[in-house]
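Multiple structures follow.
Next come two complexes built around chain A: one with chain B, the other with chain C.
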Partner chain A sequence: MNIKKNIALSDSGFVFDPSSGDSFSTNPIGLEIIKLMKNGKSADEIKKLITSSYMIDDNSFEKDLYDFVNMLQKLKIAEGEEKK
Partner chain B sequence: MKKKKFTIAVTGLNAIDSPGPGVPVIRALRESKLFDVRIIGLSYEALEPGIYMHDLVDKTYQIPFPSTGIDSLLTRLQYINDQENIDLIIPNFDAELFSFIKLVDHLEKKMKIKVFVPTVEQFEERHKANLDEFGKRHKIKVPYSKMIFSTAEIPALKDQFTYPLVVKGKFYDASVAYTPEQAANYFNKISAKWGLPIIIQQFVHGQEVNVTALGDGKGNTIGAVPMRKTYITDKGKAWAGISIEDDKLMSMTKKMIKSSKWRGGLELEIIKTANDDYYLLEINPRFPAWVYFAVGCGQNHPEALVRLAMGEDVKPFKKYDVGKMFIRYSFDLIVDLKEFEKISTLGEL
Partner chain C sequence: MKKLQYERPVITRLNTGVTNKFGTKTAFTPVTHVDGNEVKTLIANYGSPLFVISEQTIRKTFKDANRAFTTRYPKVQFAWSYKTNYINAVCNVFHQEGSWAEVVSGFEYHKALNNDVPGSKIIFNGPDKTEADLRLAIENNSLIHIDHLDELYLIKELAVEMNKKPRVAIRVNMDTGVYPIWDRFGFNYENGQAWDAINKIMLNDKMELVGLHSHIGTFMLSPNAYGIAASKLSDLALGIKKKYKKNIQYLDLGGGFASKNTLKGSYLQGVDTSPTFDQYAEAISTAILNAGFLEEELPLLILESGRSLIDEAGSLLGSVISNKRLSDGRRATIMDFGVNILFTSFWYDHKISPAQDFSQYTEDAVLYGPLCMNIDVIRENITLPPLKRDDHVVVHTVGAYNMTQWMQFIAMRPAVVMIDMDEKPHIIRRRETLSTIESVEMMPEYLKKFKL
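Moving on to the complex of A and B:
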């Protein structure tokens, strides 16, 4: 799963899709995950990085990440196959 | 170097909940860095707000409604030209455009007034009633549509359309009907206002996107800015919008302008489906009321139209700002009764 190339991200968590004109706000952790995805990190890599930095177990994070990525796909911010 | 000064007459001074493009066109012209303007407003009714915007409009003259015919319009334009020595007229209403197109030769040759509008053929072929054919000719997807002249034709529509469908007036207004009863109701409402025929168009699900553009009449797109409405009034008008980046939409616009050799300003109304298919809903043969947004995005289309009309070689705009927004607002003008009296009785202010 990749973040679409033209998606604009600001440090405040504002996400702008220039092809649809849609904009969204995400919290700091959402922004961090989108940035990691944009840098080409796989789901496993993101899981490792986040679970080592925050107090969350692997299973809970995996479920949350799955939901989040699903939402990004529905909002057309992310596209393609999920990277393992 | 001293800038040239043009006297430009502009119609469409209404700025109600379904606003005319006149005021935004004037704002764009006033911001030109290449020339100065004296603006002559041409109004149909005494309550068009542009008449009273003296910082934008230098002088306004009432002109006769298109229904009174071309001769009375010409007589009035001759009088106005005698007072003002007009260089260019920019008509901004669909309903008046045919009269101005018919007068192009006379205005240009006998009165030395430029008018940069589509040809009769271009105007007619993009007409809502002919859009189906237009799509086939220029290889652009258009939702299936047909003209009807009576509510008696509505029951049979179910054989050619699936509900919901869109009921459209020949110039303005459109409503989505989910049942034959609703279709009949909209038919009566819209035909009472805009006459016949009524156009029935297949409803296409998706996101509406719009493009304001300018063609030079030789097949070149001088400028084009696509926008998505982010706030829509109950009349379907954009109250806020955002400029978008969409290569497919831009190439569709350029293709349409190239194949039709469109001359003048235009607005494309397009539906983008979930499968990324683009359906052309309508071509408005003049600038839209949101044309000033193009100026905000870096493309002054009205200024470029003036230069084209004056015979200058105008190079196409290469870029525009993506992610710019416009938000409309309403504003109460305070007007002295004397001004209203003057425009109402003398027909000029």
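Moving on to the complex of A and C:
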């Protein structure tokens, strides 16, 4: 799963898709995840990074990440296959 | 290194220029405490879900209502509508504030007696009073509001047999410009039924006609309708004075004032659209004062307000069981309370606040209860910050009808806690247990044994 190349991010959590003109709002954690994905991190790497810096257990985060990535795909911010 | 506070990642599409049909974000501030008690602690001590009643809010609301009427009309009496919330502690707060009792069944009548309300200060309404109920009410000199002719005849027979003169009123239904007319209760004003009943009582002299009653509906958003009802009851009272030289002691305008809830499907919030007590009081008082009574013969004004006096004092605390994504992409959050204990979610879009801090990010969601049924929807769409399992919410303005119409289904009904004037919580109804339910079950002998 990749974040589409041309997606623009601002530090305030504003996400813009120039190909469709759609804009989105995400929370700080969402923004961090999108940035990590943009940098090519796999789901496992993201899980390690987030659970080591936030008060959240592996299982709960995995569930949230799965849901979030699904939303990214639904909103056409992310595309393609899940990275192994 | 100390770990950071986690919040579930969310992303939502921004719709520029289009008003958000899910409401405005400013509606969300966390409600972490109810009357000085932390939601988390209340739930830890009394379980989740949990109904919480604020005694402060009851007394304040009652005083507001009472002030609105007593500053406009010389003789005012409230009677607490038991069916709205008949947990005894709640009733007694109203009785301490001076309310009589308004009941609609033998069960409620006995509850009022057990709460030490004098029989003469119990108003007995409703179509279903049994012969035993009526005997007791006559014995206790209660105010019996006659709903139909069968009841009128039965009371007449009992009066002769018991050699007592029951104090009665008739319930009158009428056109107040609000439809449908609740014409299944009482006697109609426009078609002469009301006069027919009045004549039957006055000519027979076995009962004393002390009052006239109407309850034009519930959650009535039009103060003007009450003005019309008050005029029509006054007109009957003055007619009785003229025809029988008899002063009617009271006019009872019933209940029905809207609370601050938002009716389903209404675009505006209830807090902004529901009339104030002052508006209802103005309409009613003006109508009676202008009807033509001599000043010393002005009838007592009785009010049986229910939801408008108790709704705001009640909150339901609950917890998140799970989050899901529906097939259309909407978030679904499953709460530990369903429509069986929050009956009013069929009528209202209840305001719901998270009970913990959160960032400004929100998501549109459907709120479901835990029942295994498709109808168990608390809010069809609501904007909330991301909630995770075991987070708490506060459902506001749920004091009316939920704690009487709730259904025991699948699980036990929750505890009810009242927070007193000093912000100290008291259990006023224990959480039900398996034995609460099984205490009324019986097992036939032959079904007691089986082998699997």
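Worth a mention:
By our rule, the second predicted complex is superposed on the first by the 84 of 84 C-alpha atoms of A that agree within 3 Å, B and C clash if a C-alpha of one lies under 4 Å from a C-alpha of the other, contacts with A are read in each partner's own complex, and residues count from 1 in each chain.
Everything that follows uses one rule, which is that a contact is a pair of C-beta atoms (placed from the backbone, for glycine too) under 8 Å apart; a residue touches a chain by one contact, two chains touch by 3 or more.
What you see is a predicted model, and the numbers here were worked out from it, not measured in a lab.
Steric overlap between chain B and chain C is absent once the structures are superposed on chain A; the two fit side by side.
Shared-chain residue A:I33: touches chain C; no touch with chain B. In the superposed model, A:S10 lies in contact with neither chain B nor chain C. Of the two partner chains placed by the overlay, only chain C lies in contact with A:D64; chain B stays clear of it. Annotation for chain A, partner touching more residues between chain B and chain C: C. Legend: residue contacts after superposition of the two complexes on their common chain; A:P18 is shown touching chain B, with no touch to chain C. By the document's definition of touching, of the two partners only chain C reaches A:L72; chain B does not. Nowhere in the superposition do the C-alpha atoms of chain B and chain C come closer than 6 Å.
Once the two complexes are overlaid on chain A, the chain A residues touched by chain B in the first and by chain C in the second are 23. Those residues of chain C lying in contact with chain A across their complex are 1, 3-14, 16, 323, 325, 329, 359, 361, 386, 388-389.
The part of chain A that touches chain B in the complex is made up of residues 6, 8, 16, 18-21, 23. Within the complex, the chain A residues that touch chain C are 13, 15, 22-30, 33, 52-56, 60-61, 64-65, 67-68, 70-72, 74-75, 77. Contact residues of chain B toward chain A in the complex are 207, 227-228, 230, 241-246, 322-323.
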